[in-house]
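Scrolling down, you'll hit the structures one after another.
Two complexes come next, and they have one chain in common, chain A, joined by chain B in the first and chain C in the second.
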Partner chain A sequence: MTFMRRLGVVPSALVLLAASAAALAPGLLSPADPLRGDLTQRLLPPGTAHPFGTDELGRDVFTRVVHGSAPSLQAAVIAVGVAVLAGSAIGLVAGTARGRLDGLVMRAVEVLLAVPSFLLILVVVAVLGPGTREVALAVGVSAAAVFSRVMRAEVVRVRGSGYVEAAAVCGTGRVTVLLTHVLPNAAGPVAALATLELGNAVLTVAAVSFLGFGAPPPAPEWGSLVAAGRPFLASAWWLTTVPGLVVAAVALAVNHLGHVLRTRSETR
Partner chain B sequence: MKIGIRGFGRRVPTLGPVLRLTPVLACCALLAAACATADARQTAGGALTAGLAQPVSCLDPHQTPQTQNLNVSRQLVDSLTDQDPRTGEIVPWLATSWKVDKQAKRFTFTLRDGVTFNDGAPLDAATVVANLDDIVKLGARSPLGSGYLAGYAGASALDAKTVEVRFDAPSAQFLQATSMVTLGMLSPGTLRKTPEQRCAGGIAGSGPYVLGRVALNEEVRLSARTGYAWASALAANRGVPRVRELTFAIVTDPSARHGSLLSGQLDADLQVLQQDQRSFGDRGPRLLSATRPGIVYTLLPNESRPALRDPSVRRAIGAALDRSKFTPLLAAGERPATDVLATTTPGYKDRSAGLAYAPGEAARLLDAAGWRRGPDGVRAKGSQRLSFDLVYSASEPYGSLYQLMAQQLAEAGIELRPTPLDDATNSARQGSGDYDFVSWAVTRGDPTVLASVYPVKSANPLRRTRPDEVDSTIARIATVLDPAERARAVDAAAEAILSGGHGIPLFEQASSIGLAERVTGVRLDASGRPIFQDAEVRA
Partner chain C sequence: MTPLLAVRGLTVRYGPPGRGRPAVDGADLTVEAGEIVAVVGESGSGKSTLAHALAGLLPDTARVTGGVVTFGGERVDGLRERAWRRLRGRRIAFVPQDPGTALNPLMTVRAQLAEALRLTGTPRPGEDALEEALGRVGIPDPAALLGRYPHQLSGGFRQRVLLGMALAGRPALLIADEPTSALDTTVQKTVLDLVQKVAARDGTSVLLITHDLGVAADRADRVAVMTEGRVVEEGPAEQVLGSPQAAYTRLLLRSAPQPLTGPAPAPGEPLLVVRDLRKVYPGGTIAVEGASFTLDRASTLGLVGASGSGKSTIARVVTGLVAPTSGSVLLDGAPVRAGRVQFVAQNPYASLDPLMSVGRIVAEPLRALRAGTRAERRERVLRLLEDVGLPPEVARRRPSALSGGQRQRVAIARALAPSPDVIVLDEPVSALDTVTQAQILALLRRLQDKHGMAYLLISHDLAVVAAAAERLAVMRDGRIVESGPTADVLAAPAAPFTRELLAAIPGGPRRGG
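Right after this comes the complex of A and B.
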C-alpha cells in the first residue's frame, strides 16, 4: 500500500463516520427542523450561524443536508443489499447447476449488463413510481448482474476444490454443501465488490433523486437538494455546490476505503 | 480475488455519466458567473432570439390555452381588435370600426381593406365568420374560445367587409374577447385542415411574422411577413417589423436562460425568475414586467373528493394561509391576492378582508366539522387524515411557494403535499381528476374570465357537478353592460366563490421579461404577452 493511499484513510473514515452519524442521529448534529424555515433568514450565504447557508425559504442547508443523509444513505445501502442478495442467489444457482440452466441464466444476466444501467434504473423507477425505496430497488436491480457473474465464477472455482468433493463423498446433502462449504468460501470477492458498489450506489441514488424520482418535496435528499438549488445557480451558489460536494465526498470516501480494504485482503 | 477486481474494472465505464454529474453542476455555476462578465455578442440588427421557458406543444391559437404556445401564436395571427394595456380601451386592428347594439347581442365589425393571409388569401367577412364558426365547432378543444363565444348564435357576412355576430343572450365580454389571440384570424385554407395538423404548425395567419422551422423541444423560427402593413393602432410601426428573424429558443432551465441573456446569446428571456431579478437595473439588461389581468393564481379544490366536498374545510384552508408571507418569494409585479381577480382586471375590488390570515377561524371551522388533531399533528376524522396532494408541473416556478403554503397549513393541522410531476403525468392526472388541488391562473382583461374556471360548464377543475349560485352569478356578468351594474355582478360572483371556498386566491402573477441592453421597442400587450412589432436590435 502506498503512502498516499494510507494518507487518505483517516479523512475518508472521518467523512464516512460523520455521514453515518448524520444518518443515524440527525437530531444530534443539527437540532433544527429541516422542513421549516424562517423567511427573514432566506438565501443567506454560508456563515457562522448557518455553516452551509440558507435556502429560499430560510431553511438551514446544513440541517437539510444532515437530515437528508438518512434517506440518501439508506437507499444506497438497500440498493447494495438488493444487488448482493439477488446477484449472489442467481450466481449460486447458475454456478451450481451448470449445464443448460447456467447458460440460460447467464445469457439473461448478459442482456441485463448490455443495457446501460442508468436506463435500466429509469425504467424500473418509471414502473414502480417515484420514492426513496423505489429508487433503491431500481439501483439494486441494475447492479445485481455484476454480483451474479462474480458469484458464479467463484462458485465454479470453489466447487472443484478438494473439501467440497470430500463433503460430497461423505454424503452431505447438496444444499448443505452449497450453504456451508461453497457459499462462505465464495463470498470474499462479493464482499469486496459490495464495498466498492456502495460508493457507486450513493452517486446513482443522488443522480436519480436529482432527476426528480426521489422523495417528493419538501423532504430533503442529497440529489433533490442539488436539483432544488439549480434555479439559484446565478444568485445562491451554495444551494447546489454544498450538497454536491457532500455527495462527492461520501462517494470518494466509500470508494477509497473499499479500495484500501480490498488491496489489504489481497496482499494478505 | 482477481475476479472481483476484473468485475469492478469492467464496471467503471458505466459509472461515467453518474460520476460526471457533480462536476457538471459545479461547471454550470462557474459558467453562469463567467457569463455575467462576458462581452455582449454582436448580432445583426435584424435578428432577435427569445428564450421560451416551456416547450411549444401546439401553435393553433384557436385551440391551445397555454402561455408559451400563445406567446408564439400571438406573433403569427392578428385579431379584430387590440386592447390598450394601460387603459383597457379596445382599439382598432383588423376591424377599423364596430357597432354594439344596446343589449350587447349584436356586434357589427367593419374590416380593414387590403389585409391578406400569408398563404395569399384575402381577409374578408366570410373568413371572419368561418373563424368564429371554427372555434365553436372545436368545442372542448378550445377551452378559452368556448368561453369567449358562450351564447354564440351565429355570424353572417353583410357584405365583403362587414360582419355581424349575434348572441342568444347579451354578451358584454365579446368585444374584449376579439382582442385575444385565441380569437385570432386564420386563413380559410388553414381552417380546412384538421385540428391536429394545425396544432403541429400548419397555420397561416395575417400576422407580422410567418412560421418557419418548428423543431420539437428546440426552437421555433419565424420570419417577418413581407408586405405587412396592418399592425394594431397601438403599434408605432404599422408596417413590416424591423426584426426580420424572430427565433424562440426553448431553454427550460431558468439558470441557463438567465445566463444566456447576460452573456448575449439570448436577446430576451420570456420568464425571469424572482431570484434573478436583482441582476437587472438601469444599465445593462432591463426587466419588463406587468401584472397579468384575469384570475389570480388560485388554489382550486377538487370538490369531488370527500374531504373537500365540505365548504368549511375549503374555507378553513383559505383562512390558514398567511398570504402576506408570500411577498419575498414573488417576482416584480406580483403581489399577494386581494381578490379572485388581479388588480389589473376591470371589476377588481379589494376583498382582502375576506382573504386575511385567520388561524383562529380556520381552527374553529375544522373543529366544528369534526376534524381533530391526531398524534402526528394532522387533523383526522375517523381513519381519514386531512391530507391533500397539490399536483403541478415540475417546470412551474412556484414550487417553493407551495412548500411555504404547506408549512403554513401544517400549523392548522392540514397536510398539503406539493407533488411536482413531469408534464405528461401532470396533464394526465389533471385530465382524469386525480388530484386534491391544482393551482391555476387564467389571463384575460375582463371579469368574465371567471367563467373559464368556476362554472360546471367550463374547464371545471373543481369537478363540480351541480350548477348553483356560482354558475348563475358568473353567467350574469356577461349579460350586463352598465358599468355599475357589472361591478355589482362581479361582486356577487366573487362573493359566491369566496364564501363557498370554491377558489383559494394565492397571488397575482406577472409576466417578467428580461431584455438585453441592445433590444428596444418590445412591449407587453394587455395579456402580458411580448409584442415584437416595434422591436429593434442594435448591432
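Right after this comes the complex of A and C.
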C-alpha cells in the first residue's frame, strides 16, 4: 500500500522535473529558436521531426512550449511568493496587534476576498499594463487575502500557547518572540497552502495570458499558445490541445506533490 | 459461580504484526458481580487499552492477538461490531476520560440522553424517563438541565451526565476510564461517591481505571496494578496496598506524596510581598479579590484552590504576564525586574517550543538578558541540564523526543537559567504520573537546597502542596480563605473549604501512616 502510494508520486515528480528543466535550461531540451518558423513546414501534425507538430508559421510547437515554460512557471512562482510574503505580513501584523488595527485590516481583507479573484486580477493588470511580471503580481495580490487570513489565525493560536507565555516570562522582547517563536510555528499551514496555491497559480497565469494580458507575441507562453491556436481548432487540434494538456499536467503534478507533502508532514 | 467478567491472557498490539511490544501483554483480570475493581497504572501502562478492549472500543490500529475474555459466561473476545453494539450500553457501559470532549457540543443534554436511552431499548423515552436517568446520578434539577448544551455545564456535571447516560440501561458492568482525572479533587470526590452509591444500589460491577492509588484504595474491593502492559499484582485492595508483593506496587506506594512533618519553620526574611492584589478581567470577571501573602527567602509557599479560584491569575500577575487592577507585588521592596521571577507552567507539552532544540529553549532567558557570550551560554546550559538530571546530549534534541517528566525538567532548567529569586510553579506535576511526580518534587527540593530560590507552588491538589510547601494559602473564589504553616493547617483547618479539600484527598486515612 505504502509502496504503491510512493510509486504514484513518480509521474508527478517526472512532470515537475521536466517542467523545471524546461524553465531553467530550455536550450537543453530543444535547441531550436522558438521564434523562427519554416513556412514550408506549416501546420504539420505531431510526428517524429516535430513531436508536438508545427503552427501556422511553421514554428515547432514543442520548442515553443519548452521556451514558454520559463515565463509561465516564473510568473506562477512569483505570484505565490508575492501572495505568501504580502499575506503573511498582513496576517502577522493583524494577529499581533489585535484590537482596532486587526479589525480594520481584516475587514479590508474580507472586501478583497469578496471581489471575484479573476476580476481583481484583470483590474490590476489593466492598471499595470500587460506583461509576465505584471500578471504574476496581479495573481499574487488576488491570492494574498487567503494567506493573510490563515496567517492571522495561526498567529492568534500560537500567541496563546504556553511557550510564547514562557518566552515572555523569560524577558524575551516582543519582536524576538514574534520572529523566533510565533513565525516559525505559524509557518506550517501557510507553507501547506502555498503548495496548493502554486498549482492554482500555474492555471491562473495561463488563463490571464490566454486572454492576452501576458507577454506580447511572438514571445511564447503557455496560455498565449493556446489562444494563438484557437483559429485552427478545426484543422490543427494540436495547437490548442498540446499546450493545454501541458498546463493541466503541471497543475495536477504540483497539486498532487503538495498534497503528498502535506499529508506526510501531518502524519509525522 | 462464574465471575461476571473474566480476562485470561489478553494481549493487544498496535501497528504492524511482529513489531514492538504489545500494549497489553497477557493480562489476567476477574470482576465478580457487584464488585468494584480498580486497575492502577501509569500512562502507557496499557490500562486504557485494556479498558477499551473490554468495551469493544479498540481503534482500528489495534488488534487482539491472544487471550480469552468472558462476560457473563460467554466469550466476547473476537465479537463483531454488531454484536458489541447489542452488548454495549445495555450490559456493558463505558464512561470516557475527558468529559470535556465526550459530549457532542451541538446537541442538548436531552437529545444525547434520549439517544442513550433509545439504545438501551426504550424506543421513545418520555420526559420522566429522561429526568429519572439524571436524577439517578444525583443531578438536583434534571428538568432544567435537559435543555442545556454541554458547554453550559461544569466538568463535574458533564461527567454526571455521561454517567447518567452510561447507567441508563442498568448495565451489569460499568467501565470507567479515568473518569475523574480531568476534575478537581472536590468534584472528583462527589463523582466517585456517586459511582459507588449507584453501583451498590443497582448491583453494578465497576471496572475503575485510574492512575491514582488513593482513588483505588478508597473505592475498590479489588486492585490490579499494571505496568508495561502486564498485570503485576492483583488482589483484595487491603492486601495489595497494605502488603504489596510486586516491586512496582511498592514504588507506586512510595511515590504517593507525603505531607511534610515537623515543626513549622520560623518566619524568615520576606522576599516577595503581595498586598491587596485585585484583578478584574475585561467583562467584569473578578479573578482575584484582595489577596495578600508573603513569600520568604528560600522557602516554599503553596497556593491551593479549585479551578477558577484565581490561583493561576496570581501566578500570571506575579510573573508579570498580566498587570493587576490594583495592589502591589514587591520583590525585596521594589517592583519585579526582568529575570528575577521565573515560571514553570502546568503543561510540559505546551510550554516548550516544538521547533526549538532543548539547548536553545534553556538558553532563552540568558539570550533575553544578554548574559554571557555564546560559548558561556552553552556551558551554562550543560550545567543546568546536569542540575535537573538530564544528560548533555538532550540539548540537541527537540521536545517531541522527550517524555513528560523530561520536558518538565527542561522547563525547570529554563526557569533556573537566570538564577532567579523566585520560581512560580503553576501545577508543575499535575500532568505527570505519580512516580514522575515524586521525582520532580524531589528534584525541586534538591534545587532549592542548592540554589536557595523561593517557590510559589500553585496546585489544585492539596496532597502535592502539603508534600512540598512549608506554608500554604487556600484560595476560593478569588480570596485567600486560610493561610499558615502547612502542618498547622492540615492538623486544624479553620475554613470549611479547607476541610472539604482535606476530605477530598483520595486515600486520606492511609496517607502519612
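Everything below uses one rule, namely that the second predicted complex is superposed on the first by the 261 of 268 C-alpha atoms of A that agree within 3 Å, B and C clash if a C-alpha of one lies under 4 Å from a C-alpha of the other, contacts with A are read in each partner's own complex, and residues count from 1 in each chain.
FYI, contacts are C-beta pairs under 8 Å (C-beta built on N, C-alpha and C of every residue); 3 or more make two chains touch, one makes a residue touch a chain.
Values in this document were obtained by computation on a predicted structure and should not be read as measured data.
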item: Room on chain A for both chain B and chain C (clash or fit); value: fit
item: Which of chain B and chain C A:A207 touches, first, second, both or neither; value: first
item: Contacts of A:P184 with chain B and chain C, given as first, second, both or neither; value: second
item: First, second, both or neither for A:S161, with chain B first and chain C second; value: second
item: First (chain B), second (chain C), both or neither touched by A:A75; value: neither
item: Which superposed partner A:A153 touches (first chain B, second chain C, both, neither); value: first
item: Chain B versus chain C as contact partner of A:G171, first or second or both or neither; value: second
item: Superposed model, angle subtended at chain A by chain C and chain B (C-alpha, nearest 10 degrees); value: 150
item: Partner chain in contact with A:T240 - chain B first, chain C second, else both or neither; value: first
item: Dominant toucher of chain A (residue count), chain B or chain C; value: B
item: Minimum distance between Cα atoms of chain B and chain C in the superposition (Å); value: 14
item: Chain B and chain C footprints on chain A, overlapping residues; value: none
item: Parts of chain C lying in touch with chain A, wherever the complex brings them together; value: 319-321, 338-339, 341-343, 345, 347, 350-356, 361, 364-365, 367-369, 411, 414, 418
item: Chain A partner contacts - residues on chain B that touch it in the complex; value: 1, 3-5, 7-8, 10-11, 14-15, 17-19, 21-22, 25-26, 28-29, 32-33, 36, 253-255, 258-259, 262, 273, 275-276, 278-279, 325, 328-329, 394, 397, 399-400, 403-404, 406-407, 417-420, 422
item: Interfacial residue positions of chain A with respect to chain B in the complex; value: 35-37, 39, 42-43, 56-57, 116-118, 146, 149-150, 153-154, 157, 188-190, 192-193, 196, 200, 203-204, 206-207, 210, 212, 216-218, 226, 228, 230-237, 240-241, 244-245, 247-248, 262, 265-266
item: Interface residues, chain A side, partner chain C - complex; value: 161-163, 165-173, 176, 180-181, 184-185
